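One structure is given here, and the rest of the page talks about it.
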Amino acid sequence: MNNAMSQKEIVRKSLKRRYRKEQRFKFYGILAIVIALSALVILFADIIGKGYTGFIKTTVTLEVQLDPEVMYLEDPTDAEAFSMADFKAPLVVALENQVSDATGKTAQRALGQLLNTYAANQLRDAVKADPGIMGTTQTMTFLAHDDVSVYVKHGDDPTYTVKLSEQQQAWVDQLVEAGVIENSFNDVFFSNGDSREPANAGVLGAIVGSLLTMLVTLLLSFPIGVAAAIYLEEFAPQNKLTDFIEVNINNLAAVPSIIFGLLGLAVFINLFGMPRSVPVVGGLVLTLMTLPTIIISSRAAIKSVPPSIREAAEGIGASKMQVVLHHVLPLALPGMLTGSIIGMAQALGETAPLLLIGMVAFIVDVPDGLFDSATVLPVQIFLWAGSPELAFIERASAAIMVLLAFLISMNAIAIWLRRRLERRW
Amino acid sequence: MAKQEDIYGDHISHQFNDDLAGLKEDFLRMGGMVEEQVGDAIDALIDGDGHRADEIRARDKQVDRLELEIDEEATRIIARRQPAARDLRLVISVIKMVADLERIGDEAKKIAKFAVSLSQEGQAPRGYVEVRHIGSHVIQMVRDALDAFARLDSEQALRIMKADKRVDEEYQAATRTLITFMMEDPRNISRCMSVMWVLRALERVGDHACNMAEHVIFMAKGEDVRHTPVEEAEKIVGR
Amino acid sequence: MNTMNSGLANKTETPEPAVLTPQEKPMDDAGLRGKTVGTPFADNAKFTLRDVEVFYGETQAIKGISLDIAKNEVISFIGPSGCGKSTFLRCLNRMNDSIDICRVKGTLELDGQNIYDPKRDVVELRARVGMVFQKPNPFPKSIYDNVAYGPRIHGLANRKSELDEMVESSLRSAGLWNEVKDRLHMPGTGLSGGQQQRLCIARAIAVSPEVVLMDEPCSALDPIATARIEELISELSQSYTIIIVTHSMQQAARVSNRTAYFHLGHLVEVNETNKVFTSPQHDLTESYITGRFG
């Protein structure tokens, strides 16, 4: 009796200690999650804080008087005269009308610098499209120079170096007040390819390049991966060779992606003579990279099909093929798709292998085919992030947001597919 | 296979062991009571002790109560344990043998009744030698049957079946002797008839003992030897 | 041994007929080898099985069993866990094929034809020898599709109406028709456990097999559902040969004509069920069915 009492006592005491231990353990877990979450929050805050201005463009709306004398263009149909004409002059004149104290050649040049380098080209294209507008006054909207944009958006932020002279800043202030310089949603960012001029640079080219590359990757890696998984899981004999293949597939999943780039360079470009910088080669390289992921996840999905279903089908007399096609595959499909989409998401964010096969080139045009030179989103981000212009930094952040949006929507599709295809009965 | 200690006692379930042991014990207790009753009845008859005879008739109630108890126990075992094979045979046999025992008890009561009436007439005993002889014989048979049951001894059971033949013969002989008495002196007829009834009861006791022996063989060998010739039974036991 | 049956049912290869090297020759143990007591042989045999041995790698699971299974009889296999009864059952429609390390030796004939003939089509065999499993395992499809699956893959029905008829008659035979006729296109997995198992039986008999193997068909069911299945078994026994593995001795006693007792890979005793449950011939059988071990 006495003994039992003291035992109870011991248990009671140790209970306290155990509970404390448990509490501590819980606390560590919560701490870990807080650290991970705050890292994520900081990352997002930084990217969004830096990048949201990338979605804003600064425009200059001017009443342009297309004076043939100022432009040295008497006859717009004359090609030679056209190429010699000065399209910048009317823009400067129009700006001069809006600001005070802008006199002299130097002031005019400084004033001209407020406009985007391509503003004159824009005017030229307009005249070329409709020569009839010569001699009239047109209201046109041009992109501001990226320095103006940075000044307008971040003028009061000391971390940004404003590259405008004091006089230019005063002009910009005047123009903003007059409503000539405005901020609006940056549609250019989504409708242009890359450009030397930050204000004109967009991600469309990269998005299309990414989509084309992903298309190639998906079309190749999903069927090949699933077929390989089915063979290994259902048909391959259990022997040394199969084990060897299995181990190597697992190893392949851990190979650094740049190695795949080297392989792509050596095989597809040098050996097969495929062109550089094209989505097909990019897709092929990314296929190599995603295959192990897809094979591994597909095998896991096949393995998770209950053996009782397999047995049931075999017991009725279904052949191996019928068992696989009628029962295993439909049940494993959601898992396979999820695995594939996660693999694709990985591929979408991949940069290193694509650098090696030349998808890092500066490409202005939006690619219009699998064999057209292209770049992809992560590479575009890499390029912009390395650019000296301040305006490119915010574009890089904006592009990261676009990329993240793509990744999140792909994961959402994976979840949706899973929910939809999974038969919970 | 002659003797196995605790053949019903090695189940995984101890409760089952206890149930079967209890059933067996109660049965043997009832058997002991019945056997004693038969012996007492014969003694009372021969000694002309009417009192004792009355006492025997009263004791039959206890036997009846025990019979009900054993039946209930057996029913419970079947319902709750679903006995199989030798356990099943034990329970079934006990249910049937209990009926035999009860009948033997009834026969003892009958003998006691005649003991009372004969003691009141108080004349020189005629045919009591036969009664004593056959009586000791069938009591031995009942005892042997219980013994064979307790030890699951099919060879002994077979001996009882053979002994029953002898009892029948002796019964025939005793009947003839009594008929002779009756023919000698018609005044003896009513007394002799009573003794005849006693002998008849004893012969029935022998038959019941024999039935019990047959059940013991069924318990031990799993073959039903009722309504089969002794030679057949001998073959089965010899296996 | 039981884990071997279910756990490794994955890899498949059509097995070669097993040939044993001398060192694999099994050792005789406990004097039980080939010493089956009772009545293992029958005149109108459906299955003729002689000296059947089954190996899992180095381990011998079945150690030389000879048995006849008669037409239209219900025979139950009982025995303690790991005695090889399920393994033996699975040999009869070659379900063990899917286990790489499993080899079967001996004579196994169905209507006089060797089951393990390498030229024999296992699909055809399984159409003749259906199987019902321990856990009800309907396909994640509708009730209709579950039953229609067998006839479809074997091409037994030419028209939709024919298939409908087959489905109905199978469900009727399985005693499930009245319960499900209004919801044939509901998922089969939505039925209760007992109904699922009857659905599996309907699925098995939809291809009109000659033999139905049942591997502990009631072990996952409640007593009422079990009683229904047992009732069904006795009805089906008029048209099919039924071989049932069960852990419930009472079930074997209730449903089968003959009962076979397995012990450590040996077939110890085969007898009329009545005989086995009142007076078994072998001491091991006796000990097992009276609850002395197992």
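So that you can tell them apart, the chains are marked A, B and C in the order they are listed, and the count of residues begins at 1 in each.
The criterion applied here is as follows: a residue touches a chain if its C-beta (ideal position, glycine included) is under 8 Å from a C-beta of that chain, and two chains touch if they have at least 3 such contacts.
As the structure is a prediction and not an experimental result, all values here were calculated from the model.
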Query raised in the report: When you check each chain against chain B and chain C, which touch both of them?
Result: none
Report task. Determine, using the mean of C-alpha atoms as each chain's centre, which chain is farthest from chain C. Result -> A
Query - Between chain C and chain B, distance of the C-alpha-averaged centres to the nearest whole Å - result: 50
Report summary line: CA centroids of chain A and chain C: separation to the nearest Å works out as 59
Report summary line: The distance between the C-alpha centres of chain A and chain B, rounded to whole Å, is 102
Query raised in the report: Of all residues in chain C, which are in touch with two or more distinct other chains?
Result: none
Query - chain B contact footprint on chain C (complex, rising order) - result: 249-250, 253, 276-280, 285-286, 289-294
Query raised in the report: Where on chain A does chain C make contact in their complex?
Result: 233-238, 306-320, 322, 326-327, 331, 423, 425
Query raised in the report: How about chain B: which of its residues touch chain C in the complex?
Result: 10-13, 16, 82-89, 221-223
Query raised in the report: In the complex of these two chains, what residues of chain C are touching chain A?
Result: 6, 9-13, 93, 95, 98, 100, 123-127, 130-133, 135, 137-140, 149-150, 153-154, 187-190, 200, 203-204, 207
